[in-house]
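Below, chain A partners chain B and then partners chain C, in two separate complexes.
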Partner chain A sequence: MKTRALGRAISTAILVVVFCFGLLAGGITNYSYATQFRELPNAAPSSAHILGTDGLGRDLFARLAYGTRVSLLLAPAAAFLSTLIGGILGSFAGLVGGWCERAILAAGDLSMALPLLFVLLALRALLPLDISPALSVVATFALLGLLGWHSSLRVVWAASRNLRNSDFLQLARATGCTRWKIIRYHILPNLRPVLMAQFWISIPAFVLTEATLSMLGLGVMEPLPSWGNLLRGLEDFSAVGSNQWSLSPLILLVLVVICFQLALPAQEEFA
Partner chain B sequence: MKEALFKIGARLTMLLVLTLIAGLLSATFVRFSPGYGVDERELDPRLSRASVEAVRSSRRIESGLLAYYGNYLLRALHGDFGKSQWLDRPVGSLICERLPVTSRSVLGGLLTAWLAALVVSFAAMFFRGFLFDFSTTAGSGLLIALPTGVVAMLAVYMRAPAFLASSVVIFPRLFRYLRNLLEHAYTQPHILAARTRGISNARIVFRHVAPLVSPALFALFGVSLSMAFGAAIPIEALSDSPGVGQLAWQAALNRDLPLIVNLTLLVTLFTVTVNSAAGVAPEIAQ
Partner chain C sequence: MTSRPFRILAVLFLFLAPGGRAQSGGELHFCLHGEPKTFNPLLVDDEASENIRYLTGGVLIRLNRQTQALEPGLATSWTISHERRTITFRLRKGLFFSDGTPFTSEDVAYTMRLLLDPQTHSPTGDAFRASEGKAQIETPAKDVAVITFAAPVAGLERLFDQVAILSAHSPKKEMAVLGPFYVSDYKPGSYVQLRKNPNYWKHDAQGRALPYLDSVQLDIQRNRDIELVRFRRGELQLINRLDADQFERLQRESPALAKSAGTGLYAEEFWFNQAPSSPLPEYKKTWFRTTEFRKAISLAINRDDICRIVYRGFAKPAYGPVSPSNKFWFNSALEEPKHDTQRALRMLARVGFRYEKETLKDRAGNRVEFTLVTNSGNTAREKMAAMIQQDLAQIGIKLNIVTLDFPSLIERMTRTLDYDACLLGLVNTDLDPNSQMTVWLSSGENHQWNPNQKTPATPWEAEIDKQMREQASAPTEKQRKAKFDRVQQIVSEQQPFIYLINKDVLVAVSSSVSGAVPVVLNPPAFWNVETIHLKAGVELEAQK
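Take a look at the complex of A and B:
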C-alpha cells in the first residue's frame, strides 16, 4: 500500500513538472518552435541546442517544449468535451429512463463498436487542405472530444441510475425542490467523482490518439509541434542513430502516459 | 427462447436502421464534398459548348440529396460504391483487392493477441506472486503507453510482420481486461468452494470459469475486432503494407471522400455486425 502511494506521489510530481515544462515553454527556451537554423540540420546536442536540431534545422528542445504545451493542454480540453457529452447523455439516460435511456445506450454501444481511427480519418478528410496549423490543432482535438464520449456514457449512466431511486432524491422531490436545485445540489455533487475519473482517464487516451493521427500527417499541421508531429522524426532511422536525443518526445510521451496510469488507479477502480 | 429471438430481432432491426442512417450520412458527405459534380472533361478546350453542357446535364441527374441517396443505396445494394476520385477506379474493386491483406493481418493479430492474453492471464491466476504481477503489469503498462504508430515503426525496424504489430497493440488491452475478469471470477463463492475441494485447475477453468466469463469474452472479441481494424491504419500506412488501412490513409491524404467514406461505412458495418453477433451469441449458445 505504501509502495503504491509512493508511486502515485512520484507520478503526480512528474506530471506536474511536465505540465509546467509545457506551460512555461516560452520562458524555458529562447527559440521559437519554427525558427530554422539552416546551416545546422540534424545537428547533435550542443550548448546552443540542448537536444540538437531536426532535419529542417529547428531546435528540438524548443519544439519539444511547445509540443508538450499543445499535447498536454489540448488533450484535457478534448477530455473535458467528451466527459461533458458523456456526462450529459449518461445522466439524462440514467435519470429519465424509458425509451430515451434505451436509445442513448444503443447509440453509445454503436459508437463503441466504430473503428475510431477510420471515422476520424473520414471526418478529418472533410476539412480543407489549406487549413491553418492553429485550426488543425483545434479541429483534431475537437474531433477527439466529440467522438470519445462513449467511454464515459456507461459509467455515468450506471451512477445516475443508482441515483434515480435514491431516498434523498425522492425526499428532495417530495419537499418541492425545483429541478434545477435537484441537479445543482443533489445530482452533480454525487456524479462529480465519476466525471472526474472519466476526465482523467480520457487524457492519456487522447494524447495517444493525437500522436497516431499526427504521425499519419492528419493531426496537428506543421510547423506547429505536438508530440505526434515530433514522433514523425523517428521515421528516419539514420537520424535517430546519429542523435539518440531525438527519441526524447517518445520517452516523454510514454512517461506521461505511464504516470497517468500510476497516478489514477483509485479513481479508475471507483469508475 | 422467445427472449433470445426478440433480442436477435432487435439487433437485426438496429443493424438495418444503422445501415440506412450510415448510408444517408455517407451519401451526404460524398454529395457535399468539394469538387462533387465537377467533371474534368468540362475543362477540355477541345470539347464544344454543347458537349460540355451534355457532360454537365449527365451529372445534374443526381444533384438532389434524396435522389442521390436513393441512387446511392440502389447502387450499394448491387455492390457498386462509386468511383474513387483519386485513383479513378471503382471503390468495390479497390476494397476487394486490398481486403485479403488486411484480413490476414487483423485475424493474425487478433489470434496472437488473444492467445497471448489468455495464456498470460491464466498464468497470472495460477502463479501469483509479486514478480509475475509486477512484470506483467509493467509490461502491459509500457505497451499501452506506446502509440500505435510507434509500434508500427518498431515493427518496420525489426522487420516483423504486420500482424505481430497489430497483436502488440491489442494484447495489453485484452490482457488487462481478461486479468480483471478472471480475478473477479476466481473470487466467486462456487469457484472458491471448488478450489477448496481440490478440483483440478483444468476442470475449474472449463466447467466453472468459462461459462461465467464467456458473455464478457464474446463482447470483448467484438471490441477487439474494432481495435484491430483501427490499428490496421497506422500499421499498414507506416509499414507500406497494401491493405485497406493504407488505402484509407491514402484516401484521407488525397481528400478522396467517396473512397474514405465508403471504406469507413463498410468497415463500420462489418464491426457493428460482429459486435451485434457477439452480443447475441451467449443467448444462442444457451
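Take a look at the complex of A and C:
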C-alpha cells in the first residue's frame, strides 16, 4: 500500500512538472517553435539548442515544450467532453430505461462499430481549409471528444441502472424529493467515481489518438507542434542516430501515459 | 618462346580474371513495391506490372534508356509516312516466343488489333486511340507489318516501346513472350519468378546468348525500409528506387553501393486555383489570376534550401515543366530566376500590393493569406510546405498548411474546386510532351489550375492550346520541339505551375552485380537487365 502511494506521489509530481513545462513554454525557451535555422538541420545538442534541431532546423526543445502544451491541455479537454457526453447519455439511459435506454445503447454500439480513424478523416476533410493551425488543433481534439463518448457510455449506464432500483433512490422518491434534488444529492455523488475514472483513463487514450492522427499527417497542422507530429521526426532513423535527443517526445509520451496510469486512484478511492 | 603448360595457364587466368568476360548464370534478386495487377502487357497500369512487362515483353522498337534514342527491337527497321499516319515495320526473321511458337507479322497485327480495340480498355492503347477513326493493320508479308492510323499520331514510333507483342497462336496466350525472361512462377503476395527465355533473339558482341542471368526473383515488398534492410543483409542485389534519406544512410555505410543516376523527370510543383467557378472570395481569385503575384511567389521560394534540407542535396531546383534530363525536349533557354525576396516585393508593389509592418496587403486592404493543401503522409511534401511557409512569411504572406487524405484532396481539386493552392508531384515517365496533352490543353481535365474550360480563359492559355495542337501534327521532331519550346516559354513566363524541384534518381546496386548502369528513365536500375550479370562466387553474400 505504501509502495503504491509512493508511486502515485512520484507519478503525480512528474505529471505536474510536465504540465508546467508545457504551460510555461513561452518563458523557458527563447525560440519560436516555427523558426527554421536552415544552416542547422538535424543538429546535435549544443548550448544554443539544448536538444538539437529537427529536420528543418527548428529548435527541438522549443517544439517539445509547445507540443507538450498542445497535447497535455487539449487531451484533458477532449476527455472531459467525451466523459460529459457519455455520462449524460449513460445515466439517462440507465435511469429512464425502456425504449430510450435501448435507443441510446444502440447508438453507442453503432458509434463503437464505426472505424474511428475513418470517421475522423471524413470529418477533418469537411472542415474549412482556411482555419488557423490553433483552431484546427482545437477542432481535432473536439472531434476526438465528440466521437469518443461510447467508451464511457456502457460503464455509466451499468452504474446508473444499479442506482435506478436502489432502495435509497426509491426512498428519496417516496419522500417527495424533486427530480433535480435526486440528481444532485443522490445520483451524481454515486456516479462520481465512475465518471472520474472514465475521465482519467481517457486522457492518455486521447494523447495517443492524436499521436496516431499526427503520425498519419492528419493531426495538428504545421508549424504547430504536438507530441504526435514530433514523433513523425522519428521516421528518419539517420537523424535519430545523429541526435538521440530527438527521442525525447517519445520518452515524454511514454512517461506521461505511465504516470497517468500510476497516478490514477482506484475506483473505490473516488467515492 | 613460351612453354605449352604456361600458355594453358595464361588462357585459364584470362578466362577466370575478374571483369574479363561476363559470367553467365545466377539469379538476380530484387523487389517489386506492389502486387502486379496483371501479366497481360496490354493491360498494364501499375508500376509492378510495368516492370514485369519490361523484363518479359518483346517490343518492335526499344527506347534506349541511356541514350534516349530509339533502337531496333523485333523490327529491324521502320518507316513513317510523311503525314505521320502510317508506320511500316520490317521484322526480324526466325524468331520464336518463349514457348517455341514462331513470331510473324500476324502476331504484330493480332497485338495491335487487341490494343486498339476499345473493349480491351488498354491504358497503353489510349495514346494510339487519341484520334477518332479505326486503324488499318496489314501484313503484306510474314516479316512486314503496316499500320495506318486515322489521323497523325505524334511521337508514333516512341509509343511502340510500351507495346509488348503477343502471340496470335500460342496456347499460353500472354504468358508466351519475346523478351529476355518469362514468368515461371508467381505466388501472390510473395514473389514473381522469371526464368531466362531460351528463345530470346539478342546476342552480345561475342555472340553469346543474352540475357546472362538464369533467372530473376522479384519479391513483393511494399515496405521500403525492410527492402533496404534486406539489401544490406545481402538478400537483395538491387533497389530500383531509394528516397533521399535511405540513400544518404546507405551512402554513409557503403558508398560504393549507393548510386545516383542524376536528376530525374519527376517534378514537385504547386499551383493556385484559378477556376472562375471555385467558391473562393473574389479578391483571392484576383490575386491568383495575376501573373506578377504568381511570379513573386515563385521568386520568394528558396529552392536551393528545399533541395539541400528536404532532399539532402539529391534534387535540383526546377524552373520549367521539363527536366534537364529529358535531353531532347528540355528548353535550355528558359530563365532560371534565383530566390530574391526584394525583387518579389517590388514585383508585388507594381500590381498594387503593399508591404506594411511585415504584412502584405492587396489594393483593397485584404491581408494576403492563403492555404496550401497537400496529401497527408508525404513527409517530404510536408517539409517543403513548411519551408515555403517561412519563405513567404519574409514577404508578409501568411500561409496555412493543410494535409488531406488523397481522396479528399482529389475531390477538392477536381469536383468542388474548394482550395487556394495545392502542392503535388507530377509523375512524368514519358519523354514525349504529347503524353501531357490533358495537362496543357485548357479543355483538359488535368489542366489543374483551371480545368475543363470551354474556351481558353486567357490569351496565353489559347496560345498554349494552339502550340500543343500544332506540335502534335507537326511533320518533323524538330518542328515539334520548336512548338513545345514555346509552350515551355509561356509556362515559364506565366507560372501557372510553380515548379520547385526535380528529384534525383537514386538506386542501390550490390557489389555482386556487374554491368548495372543506373539511368534516370524507368526502370533506372535494371533497364539493361540483358547484360547485367553476377560476379562469380559473391552471389547473395552479405554486403560489406
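The working rule: the second predicted complex is superposed on the first by the 260 of 271 C-alpha atoms of A that agree within 3 Å, B and C clash if a C-alpha of one lies under 4 Å from a C-alpha of the other, contacts with A are read in each partner's own complex, and residues count from 1 in each chain.
Heads up, the rule we're going with is that contacts are C-beta pairs under 8 Å (C-beta built on N, C-alpha and C of every residue); 3 or more make two chains touch, one makes a residue touch a chain.
What you see is a predicted model, and the numbers here were worked out from it, not measured in a lab.
Asker: In the superposition on chain A, see if there is space for chain B and chain C together, and answer fit or clash.
Answerer: Verdict on chain A: clash between chain B and chain C.
Asker: In the overlaid three-chain picture, which partner chain does A:Leu6 touch, first (chain B) or second (chain C), both, or neither?
Answerer: neither
Asker: Of the two partners chain B and chain C, indicate the one touching more residues belonging to chain A.
Answerer: Between chain B and chain C, the winner on chain A residue contacts is B.
Asker: After the superposition on A, what does A:Gln261 contact: first (chain B), second (chain C), both or neither?
Answerer: Touch partner of A:Gln261: chain B, not chain C.
Asker: On the A-aligned overlay, A:Leu208 touches which partner chain: chain B = first, chain C = second, or both, or neither?
Answerer: first
Asker: Is A:Leu24 touching anything from chain B or chain C once the two structures are fitted on A? First, second, both or neither.
Answerer: Touch partners of A:Leu24: none, neither chain B nor chain C.
Asker: State whether A:Ala34 touches chain B only (first), chain C only (second), both chains, or neither.
Answerer: Only chain C is touched by A:Ala34; chain B is not.
Asker: Pick one for A:Leu114: touches chain B only (first), chain C only (second), both, or neither.
Answerer: A:Leu114 sits against chain B, while chain C stays out of touch.
Asker: Is A:Ala125 contacted by the first partner chain B, the second partner chain C, both or neither?
Answerer: So A:Ala125 meets both chain B and chain C here.
Asker: First (chain B), second (chain C), both or neither: which does A:Glu222 touch?
Answerer: second
Asker: With the two complexes overlaid, spot the stretch of chain C among 96-104, 384-392, 402-410 or 474-482 whose C-alpha atoms clash with chain B.
Answerer: 402-410
Asker: Residue by residue on chain A, keep only those touching chain B in one complex and chain C in the other, then list them.
Answerer: 121-122, 124-125, 129, 216-218, 235, 237.
Asker: Help me check something: in the complex, which residues belonging to chain C touch chain A?
Answerer: Touching chain A: residues 225, 245, 248-249, 252, 305, 308-310, 369-371, 373, 376-379, 382-383, 385-387, 389-390, 400-405, 408, 411, 418-420 of chain C.
Asker: Using the touch rule from the top, collect the residues of chain B that touch chain A in their complex.
Answerer: Within the complex, chain B touches chain A at residues 14, 18, 29, 33-34, 141-142, 144-150, 153, 157, 222-223, 226, 229-231, 233-234, 237-238, 248-249, 251-253, 255-257, 260-261, 263-264, 267-268, 271-272, 275.
Asker: Touching chain B in the complex: which residues of chain A?
Answerer: Answer in residue numbers: 106, 109-110, 112-119, 121-122, 124-126, 128-129, 204, 208, 211-212, 215-218, 228, 231, 234-235, 237, 250, 253-254, 257-258, 261-262.
Asker: Would you tell me which residues of chain A are touching chain C in their complex?
Answerer: My answer: residues 34-36, 38, 41, 55-57, 121-122, 124-125, 129-133, 136, 216-218, 221-223, 232, 235-238.
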